[in-house]
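Here's the structure, in C-alpha cells; my notes come after.
Labels A, B and C are assigned to the chains in the order they are written; within every chain, residues are numbered from 1.
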Amino acid sequence: MDAMLADPLAVLVLAHADDKLLLGHVQSDWTGLGPLLEEDIAASAMSQDDLSHALILYEFLGKRFDLDPDVIAFERAPEDYACCDLVTFPDEFDWATSLVKRWLVAVFTGLGLERLGTLDDADLSARCDRIMPEQRLQVAHLGNWIRRLGSAGGESTARMQAAVDRVAEVTGTLFEVPGHRLEEDETYCCGRDDLFTEWNGIVQATLAEAGLTGTFTLPERSTVGGRRGTHAGHFTEQLTEMTEVRRVSPGASW
Amino acid sequence: MSGAANPVKPLEMTGNEDPDKLAEFEQRIADGVLIEPGDWMPQAYRMGMLGMAEHHANSEIIGALPEGEWITRAPSMRRKLALTAKVQDEVGHGQMLYRVSQELGKSRDDMLRDLVMGKTKYHNCFNYPAPTWGDIAMIQWLIDGAAIMNQKTLADGAYGPYVRTMNRINMEEAFHFKSGEDMVLTLMSGTRAQKQMTQDAFDRWWPVSLMFFGPADKPDAEQRPAMRWRMKVERNDSLRQRFINRFAPAAMDLGLVINIVTKDEQGLVTSTKPDEGLVLDETTGNWSFTEPDWDEFWRVIRGNGPCNAHRLSLRRFSYEQGGWVRRAIGAGSTSMPPAA
Amino acid sequence: MSKIRERQFNHDGELPPGTPDTQHWVVYTRKKEGNPFKWAGSLNAPDLELAIQFAGEHYGLDEACIAVLVHHADDRTDGPCGLEPLEPGTADGDDGSDWTVLVLPRRGGNLQEAGTIKAPDAETAIARGTRAHANGKIVQVCVVPTDRTVVITGDHDTLIWRLHDMTYKFARGYSKDVRAKWTRIRDEETYEDYRKEDIHSHF
C-alpha cells in the first residue's frame, strides 16, 4: 500500500479512480428515487459505469502493487483517498445539483483519462481505451439533460442555475494536484492549465446553449485539498457509510 | 420482486356483459388460449388485470427501497455493483408493468399519485425493515426466490401482455436469486459475526416469506373469476408448500435454525423458539409447518406495519422532488422520428 | 444509510399538480448479427432523442445486444390476432413505400421483425406482409412505416452494450462458486437434485 501511495503515476490514477468510486457511490444512492422511472434506470446505469471504471483502475493498481482491488477501494485511511471535494459534495437529493455535479466531473474525467491513456504504460492505456467510449456516452447523455432542463425556462432553468451556483465554488477542486510530489513533476503535472482551458471551453459552450452561466477558477498548484487527502467533512461520513458492513468482520469474505 | 400474490380486490361481474361474448371469452380461456389486447374482454377482466399489473408495478418500485438503503454500504465492489444493478432491475420491472397498466387505461402519473397517497397497495413484504446486510442476502434469496415461484405461475396466466412481460422479468429474477444464494452461502461459510447476522436476518424474513403468498384462498377459488380467467393459476397454499419444501431443507443444511418468532412494532425480533411443527412427511414429501401470524399480516396490510409510513413517505418525497423535471420535459417538444 | 433515506418526512396536504404521460415508444433489440429484432418492452419519453437514450440504457442493457430499434407506438398498425395460425392470403403488388413487418409467433409471444415490404397504406401492408410471412407459424402481422423506425447500433458513437465486465449484472460465474460452497455443506448428490429441481420445476 505504501509503495502505491508513494508512486507518482499511481497517485494520478488514484485521483481518477477515487473520483469515480465516490461519485458512483453517492450517485447510486439515487437508484429507485429518480424523477422519472426511465431516467432513474439510465442514471443508475451511469453509476454502475462509474463504479466499474473505478474497479478497472483499482485492478490496474492491484496488479502493479500486488493488492486486492477491494482493499484499495475500501481499506485506505481517509487521508489516502485522492478524490476531490466536488465528487463528494452532497446533493441533498436535489436532482439539479446531482446532474450538474455529475456532468462537470464527467467532462473532466473524459479529458483526464484521455491524457492518462497517452502516458507510457500499455496496460493503463488499454484500460483507458475501454473506459473512454462509456465516458463519451455519459458526457453526451448528461450534456443533453443540462441543455434540456437549462433551456426549459421558468422553474427548471432557475433550479439548474441554482445548482450551478451551488457547486461552482467547489468545482475547481477537480484540478487540484494530487500528491505533494506531483506538484513539481512536469511529466505528470504538465498541461494542467491546458486541461482547465479545454474543460472550461466545453463546459461554457454547453452552459451557453442551456442559457446558464457559471464561473470556475483554476486553483493554485500548491493547494492542499481533497486530492491530497485533506477532505471536506462529508467525505469522512461517506467513507464511514461505505465501509460499515466490511468493518463488522474485518478481513472476512463477503 | 413480485406483487400479485397478495389479495387483489375480489372481482365481480358487472352483470351487463353480452352473455354470448362472455361465454366465448370463457371458453377460450378454458381452452388455454391467451388473450391479446385487440380481443373482446369483459370489463371486470380489464379492470382486474389493471389492478393486478398496477399492484405488481407498485411492488417493484416500493421493493426497490429496502434494498436501496444498502447500496452505499455493500461490502465489496462486486456486491456494490450487483446490488445497484438489482435495485435498478426492480425499477425496470416497475416501468414495464406500469406500461402494461397504462395500456389498460390508467396514466402513469395517476398510478404514482394513488400509490403515494395510499389509495392503492403494494406487496406487504416491503413493509418490513432491513436493518443489516444479512437482510439483503435474505431478501434476494427468500423473497426473490418466492417471487420467482409466484411469477412463474403468473407467466402461465391468460393475458398476453402481462405474460410476455412476466417472462422477461423472470429472467432477471433468476439473477437476483442466484446472487442472493451466493450471499447467503458466503455469509454462512464466514465468521461467527457473519453467521449470527444471517441467522438474525433469517428470523426476520422466514415468517415474511411464509406470508408472501398471501392467506389461504376461499374453498371455491377455482370457480371465482380470478382463477377461472387464469389471472392467477395456483392456490396460495400450494405455492407456499412448494416454497417450504424447497427452502426449509436448504436453510437447515446451511446451519440456519427455523424459528417461530415474536416481533416488536419496529419489526425486530423479540423472542425465538424452534418450530417444532416443521416435520417432513415422507409419504407426500411435504414439510408441515406452523402457520405464520395472520393477524399480523392483516395489521400490516391495513397500513400498520413497521415500515408502511416510511416507505410511502420516501416514495412521496421522490415523486414531489422529481416533479419539476417531469413538468420541464412534459412542456417540451414531442418530435417524431425524422422522415428518412 | 444515506441521510435522505433515513429522514423522517413530514408530508401533509395535497400533492402538487400531476403531469400527463409523455409519448409511448416501443423497443426491440437485436441480440447478435443476423438475428431479427425482437420485442423488448416499451417506455415513455417526450421525444425521440430521449426515447433512444432510455431504450438503450434499459432494454439495451438487459441482455447482451448489438442494436436497438425504436418506434412511436402510434406508428404501428396491428393486424387482427388469430386464434389459429394465419393463412398467407392472396394480396400481391409492390407499389408504395417501405413498411417494416413484425410478426407475432403465438399469442403471449414476442413480436419480431420479419422483413420489409412495399405498400401504399397500412392495410395493404398488413395484407402483403401476411402473404409474404404467414407460413402457418404466426398469428398476427403488424406494420410500421420503415422511415418511422430508428435503429441504433452499438458502435463507438452510440455505445449500447458496455465494454467493461458486466458479469456482476447477471450473476455469472456464480454457479461454480455456489456449487463449491454448497458441496462443503451438502453431498454432491443432494446438491445435484436441488440444482436440477431449480432448473425444471421452480426457476
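The rule is short, and it goes like this: a residue touches a chain if its C-beta (ideal position, glycine included) is under 8 Å from a C-beta of that chain, and two chains touch if they have at least 3 such contacts.
These figures come from a predicted structure and were not determined experimentally.
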Task: Arrangement of touching chains [line / ring / star / complete / other] - done: complete
TODO: Could you see whether B-C or A-C has the larger number of C-beta contact pairs?
DONE: B-C
- [ ] Would you mind pulling out the distance in Å between where the CA atoms of subunit A average out and where those of subunit B do?
- [x] 36
TODO: Mind checking the centre-to-centre distance between subunit B and subunit C? Centres are C-alpha means, answer in whole Å.
DONE: 22
Task: Chain centre separation in whole Å, for subunit C relative to subunit A (CA means) - done: 33
- [ ] Identify all positions of subunit B at which a residue touches two or more other chains, and write them in rising order.
- [x] 65, 68, 70, 72-73, 81, 85, 92, 95, 108, 186, 189, 314, 317, 323, 326-327, 329, 332
Task: Sequence positions of subunit A contacting 2 or more other chains - done: 29, 33, 36, 38-39, 41, 45, 48, 52, 55, 93, 241
Open item on the list: Two or more other chains touching the same residue: where does that happen in subunit C?
Closed with: 1-2, 4-5, 43-44, 49-50, 58, 169
Task: subunit B contact footprint on subunit C (complex, rising order) - done: 1-2, 4-9, 11, 15-16, 18-24, 39-44, 46-50, 58, 62-63, 70-72, 75, 78, 80-81, 83, 104, 106-110, 140, 146-150, 168-171, 174-175, 177-178, 181-182, 184-186, 190, 194, 197, 202-203
TODO: Would you pull the subunit A residues touching subunit C in the complex into a rising list?
DONE: 29, 33, 36, 38-39, 41-42, 45, 48-49, 52-53, 55-56, 90, 92-93, 130-131, 133-134, 136-137, 141, 144, 241
- [ ] State the interface residues of subunit B toward subunit C in the complex, per the touch definition above.
- [x] 28, 33-36, 38-39, 65, 68-70, 72-73, 78, 81-82, 85, 92, 95-96, 99, 102, 107-110, 113, 116-117, 148-149, 152, 160, 163-165, 168, 171-172, 174-179, 181-182, 185-186, 188-189, 242, 246, 250, 253-255, 310, 313-314, 316-317, 319-320, 323, 326-327, 329-330, 332-340
Task: subunit A-touching residues of subunit B, taken from the complex the two chains share - done: 61, 64-65, 68, 70-77, 79-81, 84-85, 87-88, 90-92, 94-95, 98, 108, 133, 186-187, 189-191, 193-194, 197, 314, 317-318, 321-329, 331-332
Task: Touching residues on subunit A, where the partner in the complex is subunit B - done: 25-26, 28-29, 31-41, 44-45, 47-48, 51-52, 54-55, 58, 69-70, 73-74, 93-95, 148-149, 152, 155-156, 159, 238, 241-242, 244-246, 248-249, 252-254
